[in-house]
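Next come two complexes, and both contain subunit A; in the first it sits with subunit B, in the second with subunit C.
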Partner chain A sequence: MKTVEDFVVLLHDELALSVTVEDLGRSLDSVESWDSVHLLTLCTLLERETGRSLSLADVLEAPSLEAVYRMAVAP
Partner chain B sequence: MTDALTALTGLHRDGILADRYPRVRALLAGLSDAELARAGRMLARVDPDAVLAAHPRTPAPRIAVTGHGTLSGLVPALTAQLARHGLLARVSASDFDGWVFDLTDAGSELYATRPDLVLCVLDAAVVADELPSPWRVEDVARVLEEKLGLVERAAEVCAAGSPATTLVLNTLPLPGELTSQVLDLRARARLGAVWREAEARLLRLPQRHPGVVVVDLAPLLAEGVAVRDVRQSVYAKAHLSDGLLAGYAREVGHLARVWSGGGKKVLALDLDNTVWGGVLGEVGPEGIETGGGYRGEAFRRFQLVARQLAAQGVLLTAVSKNDLEPVVKTLREHPGLVLREEDFVRIRANWRPKHENLAELARELNVGTDSFVFVDDSAFECGLVRRELPGVAVVQVDEEPALHPRRLLGEGWFDARELTDEDLVRPVRYREEQARQDFLHTFDSLEGYLRELDIAVTVAPAQARQYARVSQITLRTNQFNLTTRRLQLTDVQALAADPAAQVLAVRSTDRFGDNGLVGAVVLRRVDDVLHIDNFLLSCRVFSRGIEQTVLGAVLRHARESGAREVRAGYRRTAKNGKVADFYPRAGFETVTADEDTAVFRHDLAVLPGPAAHIRLTARFDSAPGEGDAP
Partner chain C sequence: MTGRDVYIRSAASALPGEPVDNATLARRFGMDALWEQWVDVFIGTASRHLALDLESGKVTGTLADLAAEAGHAALVAAGVGPEEVDAVVLGTATPDQLMPATVNIVADRLGINGVRTFQLQSGCSGAVQALDVARQFLLSGGGRTVLVLGGDVIARFYDVERDLRTAAPAELVNYVLFGDAAGAAVLSTRPAPGSAVVHELFTRLVGLGREPGAVLEWFGPADRDSDRPAATEDYKAIEQHVPEMTEQVLTELLDSRGWRPEDVDVLLPPQLSGRMTKLITERLGLPGAQDVTCVDRAGNCGNAIVFLQLERALGGALGPGRRAVGISVESSKWIKAGFALEGC
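Entry: the complex of A and B
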């Protein structure tokens, strides 16, 4: 996963979330069919994709999907 | 991504998964665990009502999920597992940690949804969360005792208030983080003992409560699945790992399959490189690997597993691309084989496509192809069978025979709620059936054959010890099942206790042996009308006049007991088309009939005569002690 588009594909195909790049900055509550449990799955998937460990505590506190994406690709 | 997952993703993106739901089963058939998890997340987005609106006949158990920790991750896993079996999961998940209220209050919202299955998913945190700081082993014992008391209370409330519901419990894997906090090794061992004793108590609950099933998580863990992801447990109260929940969901999927009547009955084994090593046609009997040597021993282990299944009622068949003669000779004479000719109810060795052989075997054994589990090492054969016969469960083994047993047993294809005496002798019965068939071929007419078969039929109220078998007949019989109303054991008990209802057991014997309990009739009297709620007969004994004889006995009983008429219903399924005219042929007139259901009545004026070739013993009153609780 390198680009934000890859991230959207992952959200779409792996989590079955119908989101676009534009939705990423919205607060999680306003994302269509969002459930907080998605953050757990997302964290696991991102760790698998990137081969790096993420702080689950930080992911759980992320205000938006964009914030999660930034954590996953942060250098 | 596999083609199947791509196709599924396409259906999801197009928003037509509900519409195409019948395709889903086949798409899921060959997916890996990771792919299945992903498919589950897509399927969990589909509104079950939309699926039912498009496909009203989809079996759709209601599943209520409750427990201690965060369990929302279980929903997609369950959805995928049920979809694999052609079922539709209607899952409702309770609020976090709501299990005590949900299950010990008979008036709870959970019971109000009338669930078919209740999953009470508990984990070690249910105990650990209530330990004082610091704690001692005695504290663990005390909390375990309290929790077990609640679980037992839940089982009682569920059994009393919601007898048709299956309550699914699970063992609580003991985490190392708990045991390691006890430094005294003797005390640590005591902690382990206290914990396992509590688990053993849980595992014994089904003995007292037939409606309870306990999923033992220990074997899943032993195969290398992690109990939990510590971070998810600490931060999100998700105390069981996704992998463990997936394995648990797999077991629940099989339970739901059995609930819906989708039991597997036949194990069809490829021979070359599945039952033994090597290709018989190339290396000859002396060249195949079985019994001796490393690989030979591995194949022998697999043969032992197949025999173990057969001893519990699974019908073994061989389906091999070989000439018949060397196969039979090898199965008869090879000193290194554990599986023998007589272990198989049918041996098919020829050069025709395997799906044709399977379809033919299904016809001969009088079962549906979806009663089959097929094991083969060839990806080609597995793929072909999957494509041609989507109902067959296909287990593909590979070139490592040591893994064969796990491949076959890793899924509970043959799991049953309760095995009955009938199950244990089923393979013998089918071999007797072969003898009957051979005997039939010596006659010019069917009448002559039936006369010589010397059939005796007994119809009598089912006794308590027969209830499990009666329930099983309603669950497993698909063809001669007039209304396909499935009865769980607790349903049979309730009917037997109902003074207006009567559950009749049908037994038959003939010159080749005892067929055992082969049928059931459920009667209900409302004023002076006798209703036949259901009429079932095992596929082994169709078309010998037994069904007409039993129906005739019921009609005579109706007249003798003062009934004005007998009413009976038929409900069409994919499998029971051949009995649609069972009642009209016995002199019933049609009251109402549409595509799916029909109601018939018999005015009892002219009763059908008894079949001359059957000796009938019919009794409709209960003998003393009959119908008592077991």
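Entry: the complex of A and C
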């Protein structure tokens, strides 16, 4: 996963979330069907894709999918 | 009806092996610290017991083993011999075999014979349904003592080779929510020190037109290669409906007894997960109630869990004159259940 477009594909293919790049900045509360299990699945997928560990405490602070993405790919 | 009272004389439980904590599960399924943290935060269940060798994936015990152990302990605690038991009732979602009924295997192990036996195919409210059958039998004058059993062994639903990173959410949650156990209670028309009188007890199907919230499949030679998952849970429906159904059961129990919220000394809340049970208990807001919860350490043990709560309540919180309410909600096809007790 190298780009934000790759991230959107991941959300669509693995989590069945129909979001666009434009949607990523929306509050997680407004993402349809989003819940804590999706959060876990997403984090697990991101760790697999990036080969890096994420902290649940940090992810819980993320207000949007975009913020989760930035956390996963941050240098 | 005879106007007689029914008493819970004793309760006991049996749990297989040592508790399996979240770190152990994480290691076995190749999950990392984040997964373990997620279970702690969002499930809130620290451990569970499994009749399973996690390394080999082999099932290590049966429901009959656990139910016989719990039943024996309950009979001893009540000072009742097997020859004094007039009926046996078992509630379970996971009988060892479809035939013979597990209740009859357990009766055999306990030396009980020549009496009525019933097995209910039931879910999380099965303990209350079994207690209901036993209580109605006693109220009808059919006997004086009933051994009531409940339990589940979900170990066979564990696939230790499953890659949980690819499991659908509805399947994933089952790996952390549940545990194996059996429980038992002796119901009698005769009170004894340390027992509790059953003032109210009801179960009610409210599933008309509603989709199941939890499904367990069983397979035979013709469909054992089916792709459908063996266990799924609509956890969103459960999160939405169980808290409000719990409130409805509490209101009904209080109204029928004429009790005020502050009259309740002991609360046995639904045992979904450590986190859900905590949220539900806080939402009920009973000001003086001591809550009796086991799910955070034993997992959701299905038909057994109410007996685990009763065992703890009779052993501590529920002294003479103390009032308790127990609430159970089954999401499989949606059943509301509850009871009101008073210590003797």
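The rule is simple: the second predicted complex is superposed on the first by the 75 of 75 C-alpha atoms of A that agree within 3 Å, B and C clash if a C-alpha of one lies under 4 Å from a C-alpha of the other, contacts with A are read in each partner's own complex, and residues count from 1 in each chain.
Please note the rule applied: a contact is a pair of C-beta atoms (placed from the backbone, for glycine too) under 8 Å apart; a residue touches a chain by one contact, two chains touch by 3 or more.
Quantities reported herein were computed from a predicted structural model and do not represent experimental measurements.
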Contacts of A:Asp13 with subunit B and subunit C, given as first, second, both or neither: first
Touching partner for A:Thr3 - first (subunit B), second (subunit C), both, neither: neither
Subunit B versus subunit C as contact partner of A:Glu47, first or second or both or neither: second
Subunit B versus subunit C as contact partner of A:Val37, first or second or both or neither: both
Comparing the two partners subunit B and subunit C, which touches a greater set of residues in subunit A: C
Touched partner set for A:Ser27, first subunit B, second subunit C, both or neither: neither
Touching both subunit C and subunit B, counted on subunit A across the two superposed complexes: 33, 35, 37, 39-41, 44, 56-57, 60
List of subunit A residues in touch with subunit C within their complex: 33, 35-41, 43-45, 47-48, 53-57, 59-60
Subunit A partner contacts - residues on subunit B that touch it in the complex: 9, 12-13, 38, 41-42, 44-45, 70, 72-73, 229, 231-232, 235-236, 238, 242
For the subunit C and subunit A complex, residues of the former touching the latter: 31-35, 37-38, 41-42, 165, 169, 172-173, 235-236
Subunit A residues within the subunit B interface of the complex: 12-16, 33, 35, 37, 39-41, 44, 56-57, 60
